Amino acid sequence: MPNPIFILNGPNLNRLGVREPEIYGAETLDDIRAACADRAMAFGFNIEFRQTNHEGQLVDWVQEAADAAAALVINPAAYGHTSVALHDALKLVDAPIVEVHLSNPAARESFRRRNYVTRVADGTVSGFGATSYVLGVEAACRFAMKRSD
Amino acid sequence: MPNPIFILNGPNLNRLGVREPEIYGAETLDDIRAACADRAMAFGFNIEFRQTNHEGQLVDWVQEAADAAAALVINPAAYGHTSVALHDALKLVDAPIVEVHLSNPAARESFRRRNYVTRVADGTVSGFGATSYVLGVEAACRFAMKRSD
Amino acid sequence: MPNPIFILNGPNLNRLGVREPEIYGAETLDDIRAACADRAMAFGFNIEFRQTNHEGQLVDWVQEAADAAAALVINPAAYGHTSVALHDALKLVDAPIVEVHLSNPAARESFRRRNYVTRVADGTVSGFGATSYVLGVEAACRFAMKRSD
Amino acid sequence: MPNPIFILNGPNLNRLGVREPEIYGAETLDDIRAACADRAMAFGFNIEFRQTNHEGQLVDWVQEAADAAAALVINPAAYGHTSVALHDALKLVDAPIVEVHLSNPAARESFRRRNYVTRVADGTVSGFGATSYVLGVEAACRFAMKRSD
Amino acid sequence: MPNPIFILNGPNLNRLGVREPEIYGAETLDDIRAACADRAMAFGFNIEFRQTNHEGQLVDWVQEAADAAAALVINPAAYGHTSVALHDALKLVDAPIVEVHLSNPAARESFRRRNYVTRVADGTVSGFGATSYVLGVEAACRFAMKRSD
Amino acid sequence: MPNPIFILNGPNLNRLGVREPEIYGAETLDDIRAACADRAMAFGFNIEFRQTNHEGQLVDWVQEAADAAAALVINPAAYGHTSVALHDALKLVDAPIVEVHLSNPAARESFRRRNYVTRVADGTVSGFGATSYVLGVEAACRFAMKRSD
Amino acid sequence: MPNPIFILNGPNLNRLGVREPEIYGAETLDDIRAACADRAMAFGFNIEFRQTNHEGQLVDWVQEAADAAAALVINPAAYGHTSVALHDALKLVDAPIVEVHLSNPAARESFRRRNYVTRVADGTVSGFGATSYVLGVEAACRFAMKRSD
Amino acid sequence: MPNPIFILNGPNLNRLGVREPEIYGAETLDDIRAACADRAMAFGFNIEFRQTNHEGQLVDWVQEAADAAAALVINPAAYGHTSVALHDALKLVDAPIVEVHLSNPAARESFRRRNYVTRVADGTVSGFGATSYVLGVEAACRFAMKRSD
Amino acid sequence: MPNPIFILNGPNLNRLGVREPEIYGAETLDDIRAACADRAMAFGFNIEFRQTNHEGQLVDWVQEAADAAAALVINPAAYGHTSVALHDALKLVDAPIVEVHLSNPAARESFRRRNYVTRVADGTVSGFGATSYVLGVEAACRFAMKRSD
Amino acid sequence: MPNPIFILNGPNLNRLGVREPEIYGAETLDDIRAACADRAMAFGFNIEFRQTNHEGQLVDWVQEAADAAAALVINPAAYGHTSVALHDALKLVDAPIVEVHLSNPAARESFRRRNYVTRVADGTVSGFGATSYVLGVEAACRFAMKRSD
Amino acid sequence: MPNPIFILNGPNLNRLGVREPEIYGAETLDDIRAACADRAMAFGFNIEFRQTNHEGQLVDWVQEAADAAAALVINPAAYGHTSVALHDALKLVDAPIVEVHLSNPAARESFRRRNYVTRVADGTVSGFGATSYVLGVEAACRFAMKRSD
Amino acid sequence: MPNPIFILNGPNLNRLGVREPEIYGAETLDDIRAACADRAMAFGFNIEFRQTNHEGQLVDWVQEAADAAAALVINPAAYGHTSVALHDALKLVDAPIVEVHLSNPAARESFRRRNYVTRVADGTVSGFGATSYVLGVEAACRFAMKRSD
C-alpha cells in the first residue's frame, strides 16, 4: 500500500458550513473529507485528513508529511497569508504539494494577495468550493504516481 | 441568566504590571478582571476572562465565543497586528465585538498601524489603561442588550 | 466649580441624523449633547459643546480649551484626516484629550486611515455611535480628576 | 446537444513544446486539445478550442463565448497580466469562467503577480501543466451542469 | 464641407446595452451615434463613428484622424488604462482631442485611475452616459471652429 | 419655479483672468457666471453662483445646496485635492453633482491627481476653460430634469 | 514710500512662547514683529505683519499681497504641509516670496517633509528661531530692491 | 546565403519624420531601412525590415524570426513598455536580440522606465536617432557571426 | 552557580541537517547544542537549550527567561520575520539578548528583510552556520558577566 | 582671536559662474568667498573657505572643523543627497552647523528631496544665490557668539 | 588636430578579465582601450582613456573634459547608480556624452535600475561587452563631427 | 606564514571614542586593533588593519585584499548604506568576507536598513561594540582555515 495523501486544513475550516456561506458554501469539512477519500481511492490512495487552528501544529504536521506522505494537499486558510514558518516547513517536503482554496482569494481583501504557500506549492486549485479539494486530490495523486514510476 | 461577556486577552498581557509600566501602567491583569466583572455586573452580565500567548488558542476561544457569548471584548495585543486567522475567526461571530487597548497604538511603532481586528470589530476603546477595558465592557453590554431586545 | 469639559465637533456633524444614517444612526447632535451633559454631570463637570465646519475655528477653540478646559473631547470628523494645524494646536493642550468617532474609521475608505488627531490624543473611543461620546466623556472626566488630585 | 465549452488560448501558446520546456513541459497545444476533448466528452460536452497572439481577437472570441458557450476555460497567458480589455470582456460573460495556467505564476517574475483575469474568473487551476487544462475543463463542466439544472 | 469629427470607440463598447447596465445604461452604441450626429450637425460637422476591440486598429485610426479629422472624440475604454501606443499616436494629432467616458472612472476599480489618454487629451467629459458623448462632441466642434478661425 | 442650480467656486477663482492665463485663459469669473446663467435659462433654471477662498464656507454652502438646489455644479479648485470635509458634505447631497475644471488636472502637478470631489460627483467636465462650466451646467440641468420626472 | 513687506503667519503662531518652547524658543510673536520691523527699516521698508489660524484668511491675505506688497515673507506653519489653496494663491504673486520656519522641519515628523509653499517660494530660511524671520526679511528686502532697479 | 537580420518596428514608427521631430529627428523609416541595409550588407547579411501598429502582429513576427532570423533587431516603441506578450515571444528566440531606440527613454515620461523588451534583449542602443539602428545592426551582425563560428 | 544562558530555537530547526543543506550545512541541532554548552562552560555558564515550532511556546519561554536567564540567545527562524508577539515578549527581558542565524538573511528572499527580533536584540551574529551560535553564546556570556559586575 | 568659521563647499561648486547660470547666477566661488569674509568680519570672525569634489575630503574637513571651528557653514551640493558618511561626520561636530544652497532644491529634480545634511544641520538658508551664503554666515556667527557666552 | 574623445571608466573596471567573467567577458581594459583607439582613429580622433575607483576623481575628469574633449564616452560602473555629483558634473559638459555598459543592467540587481548618468547622456550602448565601447566611440565621433560642422 | 587577515574600516571610525559614545562606547580604534591582533594571533594569523574616510580608497584596498588576504573583515560604516562601488569590489574577493558593526543598525535611522555590503558578506556580527570585531575576526580565521584545508 502506498503512503497516504496528507490533506491538511488551517484555521477556521472546522467551522465550514457556518462561516460566511455566501462565500464558502454550505458543505462541512466532513463532506469534503468524504469526497476527497473517494477521489483518492480511485487512484489507489488513502488519505490522512486533519484540521487545526494552530500554526505550530500545522508546521508539525507538514514535517510529519515530509516523512510519510505520498503527496500533500493543503488549504492553509489564513496562515497562507502570514506564516513564513509554514513556508519553511513546506520547503522540507520532497513530495508534491498542492494548494487548494474554497474561494478565489483574488476577489477578496487585498491582504489575501500575499501567500507564502503558493510560492512553494507545485500547483493550486481555487474557487470551486469543495470541488477545489477533489480536483486538488486528483492532481496530487497524478503527481505522486508519476514520481513513483 | 444571559450568556456571559467573553473577555479575551492576547500575548504578554499575563505580564502586566511588569512590562513597560511607563506605557501600560502598574495594574495587573487580575486588577482588570475585577474591574470588568464589576462593570458587567452593573448591566446584569457575568464575564468569562482569559489570557493566552498562543494565536491558535485565541482562535479556538473566539470560535467558542461565537457559540456562547453575549458579546466579545478582545485585547488582541500583538496578534491584532499579524493574525489573519484571528480576523477570520472574528468574522464568524454574530455577537458584538469590542476591541480594547491599554495604550494608544497610533503613538507607537509603525508596524502597529495595521490591525486585522479593528477591521471586524464593532468599535474600539484605546489609550486609557485599565479604563479602556471598563468602558469597552460597558459598550459590549449596551450592544448586547440592544440586540436581545 | 472645576473648569468645564470641552466637547468640540468638526465638519458636517451638524447634519447628524440626516447624513448616511446607515453609518451614523438617527440621533442628532443635540441628542448627543444631552447625553454628554448627563454623564459629565455624574462626575461633577459641566460641558462646553460646540460644532463648526471651519478648520480655523476648530483651531481657535482648541487654543481656548488649552486655557480653560479640564479636559478636551474632540470628534474632528474629516479634519482628523487632513489637518496638521489641528494637530499642532492639540499639542498646545496640557489637559487630557479624548478623541471620539461615531463609526469605525478602519471599516471605511482608505484615506480615513491617516489621522493627525489620534497621534496626539491620550485615548480614542470609536464605533459606538452616540455611546462613543458618552464613554469618551467618562474617560475625560476620570483623567481630569486624576490630574487634579 | 448543449452549447460547447469554449477553451481560449492567449499569445505564444501555439509554440508550446518549443518554449522553455523546463517550465511548460514538452506537450504541444494539440495534445492538450485532445485531452480536453476527452474530459469534456465524459461530461457530455463538445469543446471549441482556439489560440491567438492578438489581444483584440481574444476579446472578440470572449464576446462570442458570451453568446454561445456553456462555460469558458481561458489560458490568457501574457494578456492576463496586462489586458483590461480582456477583463472587461469577461465581465460580459454570464457562463462560468475557469482560468488555467500551465505553470505557477507565483514562482515566476514579479510582473506576473498582477492578473486581470483572475479577478473575474470563478476559479483557477495552475501549475499542473496539461493537467491544469483537464482539471479546469472538469470544473467548467460541473459548473455548467449545475447552472443548467 | 469641413473635415469630419472622428469619434472612435474602444473595446467592448459594441456590447453597450448588454454590459453592466447598472453602470453604463441601456442605450446602444447606435443610439449614441445618432445623438452625436445630431449635435455635430448643429455645428455644421459630419461625423466618422467607429468601434474596434483591437488596440492596433485604434492606433491606425488615430493616425488616419491625424490627417483627416477636424477634431477627435475618443472613448478609449480599457485601452485608456493600458495603451502607451495609443498615447503616442494621439500625440501625433494636431486637431483637438476630447476624451469621453460613459461612467465616472474615479468611482470604479483602482486600476482605472491611470489613463494614458487623459494626459494628451485637451479635455474630458465623463459620468453622464450618452450625454458625455453629446457634450464632448459640442466641445470638439467649438474647439475645431476656433482653430479654423 | 424650480430650485436653482448652485454653482460653487473654490479658492483663487476670484482672481481668474489674472492668474496664469496661459493655463486658465483671460475670462473672468463674471464672464463665466453670465455664460452659465444663459445655458441654465435655456433649460428653465436660475443659478446661484458663488466663490470663496474658505474651505469651511464651501462646506456650509454645500449643506445649503443639499436643502435648496436642483443640482450642484462645483469647481472645488485646490480643495478638491485636499478636503475630506468637502467630500463628506457632498455625500449629504441628493441632487446631481457635476464637477468642472477649467484646465485638465492630469496634465499638471502630480499632487492634483488625488481628488476627493471626483469620487462623489456624478460626472466631470474638464479642460475646456469657461466651456467646461457651460457644458457642466447643461449636464446638471438634464440630470435635474430627469429626476424631477 | 515703497510698498510694505508683507509678513504672514499661519496657525498656532499666536501661541508662540507657550507652545513647545524646547523647539520654538521663548520669544513671542510680538518680539518677532519688532525684530522684523527693525531689519526692514534698515532697508527702507515698512512691514505689514499678521497672523491667522484660518487657511482661507491666509489665501485672502496672499491675494492682497499680490496687489500691494514689495515682497512677501510667509511662515505657513501647518498649512505649508497641507494647503494646495495656499500654493495656488502664492503662484499669483509676482513679488519675491520668502518662506521662514522657526525650527528645522527635516528634524521633525515625516508628514512635515511635504511642503506646498517651498515649491513656489524663491527661497527659504529655517531653523534659527526668530533669527529666521530677520534673515528672511533681509532676503526679501534685497530681492525687492533688485526688482525695483 | 545566411539567414537575414530581422528588423521589427512597433507602433507609430510609420509616422517617423512627422511625429515630434524635436525628439526623433526628420528622417523617415525608409531612410532608416536603407541605412540598415547598407551596414548589414557590409557584414554579408540581408535584412527583413517591417513595421506594424499591432501588438499581436509583432508577436507573430517575432515567432517567425525565431525560426528564420540570424539575429533580431527590434524597436518595440510603446509596446516595450506594456507588452508581456512580446516579452514572452522574445524568450522563444535563440538568435541574438538587439533593442534600439531613437531617443533616450530615461529622459522622457516616467512610464517609459519599465521595459519588458530590455529584460530579454542581449543589448540595447538608444538615443542616437537613426544611428541607433545602424549601430544596433552592427552589434546584431557581430553577435550572429560569432554564434555561427 | 549563576543563572543559565537560555538558547531558544524557532520553527523547523529540529529538522536541521535535513533541510536545504546547501544553505544551512549538515550539522544537527544536537551538534549545535553541544558546541554551545562547551563555549558557555568556558565562561562558567550552563545552558538551557530548547526548540519549538509554536510561536506561543516561544513567547512562554521568553517570559520564563525574563525571570531565570543570565542571558538569552535566540534563533527565531521564521518567527523573527512575522511575530510581533515575540518582539513584545523580548521587550520584557532585562537580560542581554543575542540573535543568531545560521545563514545570512540578506542573501535570501525579500520577505526575510523585516525582522522584529533584530529591533530588540542587543546584537546579532549571522551567516556562520553553527559558528554563529558559538560566537553568539560568547557574546551573551560576556554581556552577562559585565552586567553582574 | 576666536576660532574661524569653516565654510565648506562640495562638488562642482568650483565651476560656479560656468554651470547652469539660469539656476545659480553668474557669481564665482571667489566672489562668494569675499562676501562671506566681509559678513563674518562684521561679527569678529575669520573664515576658512574650501571646496572639493571628493566626498572623503569633505568628511576629513568636517572632522577638522569639529576640532577647530567656531561654526560650520556647508554647501554639500550633490553629496547632501547621497552621503551618509557626511551625515555621520557632521554628527561629530558640536559647533553650530548651517547648511546653505544657492538654489531652491524643492523646485528641482525629485532626487534632491532627500538630504542627509539637512537632518543634522541647525538651520538652512536656500534659494538666494550668493546671498544664501551671506545670511548663513550671519546665522553661524550669531549661533557661535551665543554659545561662547 | 581636433580635441580628443575622453573615455572615462569608473570603479572596479581595472579588474576587468578577473571580475565575474560570465557577465563581463575575459577582455581586459587595455584590450578595450586599443579597440577604442582604432575606431576613433577611423574618424580622425585621438582618445584620452582613464580609469579610477574614486568618485571625486571622476568628477574632476569630467570637469576637465568639459574644457578639452570633443566628446565624452563614460562607463560610470557603480557610480552611475549612486552619484549625483557625477550627474551634476556631466550637466556642465556641452560636448556629446555617450554612456556605455559592458553588460545589460536591466538583467541584474534591482538597485542598478536607477542611473543618474543615463538621465544626462545623449545616448547609451549596453550589453555588448567590449563592443559596447567601440559602438559608443563611433556614436561619439559622429556626434562630435556633426557639431563641429 | 599565511596571508594576513585584512581589517578595513570606513568613514569616521578614526573618531571612535569621541563620536556618540552612548552608541559606540569609549574604546578607540587603536584599542580595537589590539584586540583584533590578539584574537587573530590565537589562530596563527597576522592582521592588516586600516581606516579611511574615502570610498575610493576603500575600493582600492578591497581590490588589494582580493590578491593578498586570507580573509577580509570590514566595517564599512556609512559606505555600507550607499556604496555600490564597494559592493562590486567585494564581489571580486574569493576570500571569506565578514562584516562587523559596533552598534545594531536595525535600532537606528531607517536609511541604515539598506546595506550593500551585507548582501555580499559571508556573515555579519553587529551590536557588541569592540567585541563585534573580535568575534568577527574569529569567524574570519575559522573560515580561512577551513578553506586552506
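Labels for the chains are A, B, C, D, E, F, G, H, I, J, K and L, by order of writing; each one numbers its residues from 1.
As a convention for this text, contacts are C-beta pairs under 8 Å (C-beta built on N, C-alpha and C of every residue); 3 or more make two chains touch, one makes a residue touch a chain.
These numbers were taken from a predicted model, which means no experiment stands behind them.
Counting only chains that touch, the fewest steps needed to get from subunit B to subunit K is 3. Following the contact convention of this document, K is the list of chains adjacent to both subunit H and subunit L.
Residue contact pairs shared with D-E exceed half only for one pair among G-J, A-B or I-L, and that pair is A-B.
Comparing the contact residues of subunit D and subunit E by number shows a mostly separate set, under half of all numbers used being common to the two copies. One simple way to say how far apart two chains are is to compare their mean CA positions; for subunit F and subunit G this gives 32 Å. Separating the centre of subunit C from that of subunit H, both taken as means of CA atoms, is a distance of 64 Å. Inter-chain spacing, taken between the CA centroids of subunit A and subunit F, is 55 Å. The multi-chain contact residues of subunit F, meaning those touching 2 or more other chains, are 54-57, 82. Chain pairs that touch one another, listed by label: A-B, A-D, A-I, B-C, B-I, C-F, C-G, D-E, D-H, E-F, E-H, F-G, G-J, H-K, I-L, J-K, J-L, K-L.
In the complex of the two chains, the subunit B residues touching subunit I come out as 10-12, 14-15, 18-20, 52-57, 77-79, 81-82, 111-112. Against subunit H, in their complex, subunit E makes its touches with residues 54-57, 59-60, 63, 66, 82-85, 87-89, 91-92, 116.
Contact residues of subunit H toward subunit K in the complex are 104, 106-107, 113, 115, 118-119, 121-128, 131-132, 135, 138-139, 142-143.
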